[in-house]
Amino acid sequence: MIIVTSIGATDSVIAHIVEHVERVGLRVNVSRGEQRTIIGCIGDHDKLIAANLMRLEGVEQVLKIGKPYKLASRAFASSPTHVSIGDAAGTVVGARELIVIAGPCSVEGRDMLHETARAVKQSGARALRGGAFKPRSSPYAFQGMGREALELLAEVRSETGLPVVTEVLDPRQVELVADFADVLQVGARNMQNFALLSEIGRSRKPVLLKRGLSATITELLMAAEYVLAEGNTQVMLCERGIRTYETSTRNTLDIAAIPVLKRETHLPVLVDPSHAAGQASLVAPLAMAAIAAGADGLLVEVHPDPTCAQSDGDQSLTFAAFDDMMRQARVVAGAVGRTIVAPSGAATPSAIAATATAEV
Amino acid sequence: MIIVTSIGATDSVIAHIVEHVERVGLRVNVSRGEQRTIIGCIGDHDKLIAANLMRLEGVEQVLKIGKPYKLASRAFASSPTHVSIGDAAGTVVGARELIVIAGPCSVEGRDMLHETARAVKQSGARALRGGAFKPRSSPYAFQGMGREALELLAEVRSETGLPVVTEVLDPRQVELVADFADVLQVGARNMQNFALLSEIGRSRKPVLLKRGLSATITELLMAAEYVLAEGNTQVMLCERGIRTYETSTRNTLDIAAIPVLKRETHLPVLVDPSHAAGQASLVAPLAMAAIAAGADGLLVEVHPDPTCAQSDGDQSLTFAAFDDMMRQARVVAGAVGRTIVAPSGAATPSAIAATATAEV
Amino acid sequence: MIIVTSIGATDSVIAHIVEHVERVGLRVNVSRGEQRTIIGCIGDHDKLIAANLMRLEGVEQVLKIGKPYKLASRAFASSPTHVSIGDAAGTVVGARELIVIAGPCSVEGRDMLHETARAVKQSGARALRGGAFKPRSSPYAFQGMGREALELLAEVRSETGLPVVTEVLDPRQVELVADFADVLQVGARNMQNFALLSEIGRSRKPVLLKRGLSATITELLMAAEYVLAEGNTQVMLCERGIRTYETSTRNTLDIAAIPVLKRETHLPVLVDPSHAAGQASLVAPLAMAAIAAGADGLLVEVHPDPTCAQSDGDQSLTFAAFDDMMRQARVVAGAVGRTIVAPSGAATPSAIAATATAEV
Amino acid sequence: MIIVTSIGATDSVIAHIVEHVERVGLRVNVSRGEQRTIIGCIGDHDKLIAANLMRLEGVEQVLKIGKPYKLASRAFASSPTHVSIGDAAGTVVGARELIVIAGPCSVEGRDMLHETARAVKQSGARALRGGAFKPRSSPYAFQGMGREALELLAEVRSETGLPVVTEVLDPRQVELVADFADVLQVGARNMQNFALLSEIGRSRKPVLLKRGLSATITELLMAAEYVLAEGNTQVMLCERGIRTYETSTRNTLDIAAIPVLKRETHLPVLVDPSHAAGQASLVAPLAMAAIAAGADGLLVEVHPDPTCAQSDGDQSLTFAAFDDMMRQARVVAGAVGRTIVAPSGAATPSAIAATATAEV
């Protein structure tokens, strides 16, 4: 940290500041400017977090240097972390292949889940999402099918081979959800639910950590740090839109978060265009933008009949719309050096490119 | 809900929308305008939450009418809820007396807690706050003294008679914290931790529910609804500043939230000027504003030596600054028809008013 | 400015940074920490604004020290600026008297303006506001009566003695508006209209500068600096709410801006509760909060019949509501050591205080 | 507009509301629900803008239907507007070719401008940007070279054939700037400078209208409406990032604004990744995202030596970085069915695609 004194701070005032810093065990470097004196603090900066420097007489500014995250930082691991999801080898997030996770907002029953899983797999999704426990703004809204949904997800995984991603809301449910799911999702509202993060950190399941509604990028990385600090290194980050004054979309997708995160951390970065958009017609353009900006994966809501969905119907894609999106995604991914697996029997990317171009 | 069709929606398109609404059990009133048709939906609107009307062909807008909160609304209880805190009669939030809750951010030890409790009581505080479990952005920061802090709080309550307010972070700790505390505080980061809210709703301890960092007023009331729906009716709301682009304060105190909440709900409304300000020198002006705008109480951080506080030292008041604030608060409260208890032997409000005026 | 190098920056990289800084004419102080080197830049910092330090190899952070405003700062003038408005002595903004400026959003005609002026004067207003040129989001909305409104304002001033405050939108109109008005108002949308600010700076009329919709406090002070730098020292600042995600009010009144501005600048600080609230019922509580937080004055919209107002009818007070607000304002002002002039024949503040208290 | 009454509004209250609406010349359709009555207003809704319905007794909500923009809307012109820039045929914004406008933030001299123009043209830019009059937060910062810069821009146009885009700040300068420039740029700070918009609307030069720092998409379209209403139909919109709480970028690029605007308006949509990013290293990823999301063009800052730029050096690209960006842009554009002109002698897109892929 760097302390900037106010104009005209006297020698004794400066000496008192220095003494305060040295008392917590740091060394100082004092540099006298024309108007202000600058006091650099050298040593373990965590000691200064509680030093309350702004309360000292003669302190005008306290400037932080460095980053508060450690295990999540590029300095800790310069090569990208690859997160393997599911038991079978193959689905790896953070490598050259761009991973699409798709499925319904909520698991609403066996048939709709099977049907959706088969459809998204056919279009190229590599994992299935589906909510069992739903965080809802209203206590009167559908709260998810709970354990029954977890069992259905496991059943569909057996059938399709798709690993399963589902949200956990409560530290008391981590063990239960981990018994069924391949990836534990932490929702935006729980990004700073530290009890939950710590519990998940003690699990060894991969984690999909969504950015909070108004969390900074630094706070997202500090939330990841809670999981990493408990020993769970399999953390994926997910940008899903932030809250701003603009109301034409459900949230404002912070597309720049992708390259900023890629610079700051070794963890994979996914994007959820569905929650950012809040409207089905905007999901594909946001998905294309995310891919072009360097995302490692997408999280997309798909439903057999969005007009009847129990939650998030406005933003869920139909199977046909998802398939269209995936065809376009494959071409855009190719343009930025990434791949998206083509379903067996599908046309090659270059052929699709030609088609896509012609259709626009 | 009201559905507005797009310009030129045909009769068959409109008929299809009507059919969709009627299928979920509502009646409709169709009004044909010059350009658009308006379809009013009559009946239990919760049924429409999952109706995904925006996905229907020919729907341009879906307008919500009414309020989503029920138990928290003025329609449910038109007279203000009074929340009694502590076993002894006397401390009632929501009545004419304005209640000030003060104390350290974190309980850091026996001596500092006793000293602070005595000081804030002497200045007119009616309850003691103090963190036992601390939600911290960094896993490496001080996380609170936990159970030991709860025991110290109970000990100090015995000595001073001040009821105790402390935060609970984890649904697994609700029972433990309720054994010691008089008020269960839900912090801003947990405002939409629905597992925690439901668990607290099953307790019968009064609840102090802080507004989330970027929660709307409606979302705050819906969070209260989670607690109320479980049967715990003793809920106090707390405005503590929201996240905006402005960085000159820690948060932006949404002062208008006070009269808006007083209009919308029967629950008492408190204000935490300390977290809004983030700087000790701004706490008193924000506290005065809150009182003048109609707050039922204040939550203020006070520490024997803020330069040595383990958390929130920048915004904690010294005993002397808190005492000054309380003297001024008593006068401003009087100006808006509220009272703040004067410590025994204190000057009467009118005498203080004269002094305050002379000093400015 | 302070430059923080990245971890592992080599000697030659650091030497290159130092050379770059010295080339623009500053001296440096280099302090080597355990991981990073800190380079303090000493001299005229304006030279560094264009130094693009982040582009240099090995630079991780560039930290600004000090404040960009000069003439507006407390360092330039430690005692408060008093702004006299109107030719007749007496109306001074920034002194112990709290000045209330009231009137219609737009001047809509002679009768309504005369009637409003008389009513607000009777209730204690010290100046009259009224729009002649209106900035409207829609080109199809009422744009104000223009020059005719200016003439009406001058006419009403002659009759009532109230100085006149009106907005100027266009640098080409500054001279015209200054011919009629006592105070030139710069609206929120024009806070960074630098051509307008400079033109107004060349006038010698007092200026009421409103904070932009999403302007920081620093940007507001820099906008004032544009006016001050042209030689016009009679600048009043006005907080009127900022844009946030919250939609229950038209804007979010940043109540903390009052004490922050009082700390940073010698210029008077007014508050416009009408535009912050957007609803008449919230104007009085916000006005009380502003007074309690230390505002030097208020700007309030009043209309003979708000249901028929051409603009801002939702937030305009009736004469009766304004009179009620002023009675309460007088008491709250007294509680914080300020005065609001009582109309002749009015009860004394202490008597009103008793009444107000009884009524709440 | 639709009026929703409060619960329990009596017949006479409803009759009074209806009477108020009918008095301004609209017809009503009254629909009585179980709790609330809904009053649809039929006719010219502009009449209701000033109807102040919220002030009427018994009104709980006023819901707007339809869009306030007319000339800018898809309803007015369903096919996309093509804006031709420059005298020579060829540069058309809004068609299949994606147009890149590049150049320095400020014109700083003849040599740097010529050099930059040649470089960006060589890499595929189709127009030259360069500031002559600069809006700066500080009155002490470089304000641009003014008229001399305009002359240099015209000179470089003659040499390179690139049309010239430059900002106009002041309604008094519109004629001067229009004499030299091919496109009149309105900066973010002036998006609601209605005097300037109207003056530009009376010009017949194409306009590049940037979104204000915290303008909604609707407000951006209403600003365009000011220009269109004066008869200038050659308007291009530009998303350049909005102000949010996130500080890791200069602004938050609202990438969803692209598809939302494409749905709402027939006007072309450009993106300025430089101002959104604020850092050169983020410009290319944001540019790719913008292309993938459907932008019609880009506005990019390029400087011969960003470390010496007089303004925006942190975010300006070097010639080499711009050339890299353009190579990648060409491939991504191809993936979404758009083209970017290749400089003569350049490799074909498909060949570049292969290279790009290999390099990632």
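By written order: A, B, C and D. Residues from 1 in each chain.
Here is the rule we go by: a residue touches a chain if its C-beta (ideal position, glycine included) is under 8 Å from a C-beta of that chain, and two chains touch if they have at least 3 such contacts.
The structure displayed is predicted, hence computed values, not measured ones.
For the interfaces C-D and A-D, the C-beta contact count is higher for A-D. When each chain is reduced to the average of its Cα atoms, C sits farthest from chain A. Averaging Cα coordinates per chain places chain B and chain D 40 Å apart. Each chain gets one centre point, the mean of its Cα atoms, and the points for chain A and chain D are 30 Å apart.
Shown for chain D are the residues in touch with two or more other chains, namely 214, 243-245, 247. By the touch rule above, chain B contacts chain C in their complex via residues 214, 216-218, 242, 244-249, 252-260, 263, 276-277, 281-282, 285-286, 288-294, 328, 331-332, 334-338, 353, 356-360. Across the interface of their complex, chain B is touched by residues 2, 4, 7, 29, 31, 33-36, 38, 40, 42-43, 60-61, 63, 65-66, 75, 214, 243-245, 247 of chain D.
Per the touch definition, chain B reaches chain A in the complex via residues 20, 46, 49-52, 54-56, 68, 70, 135-142, 169-172, 189-190, 192-195, 198, 213-214, 219, 222, 225-226, 229, 243, 279-280, 306-311, 313-314.
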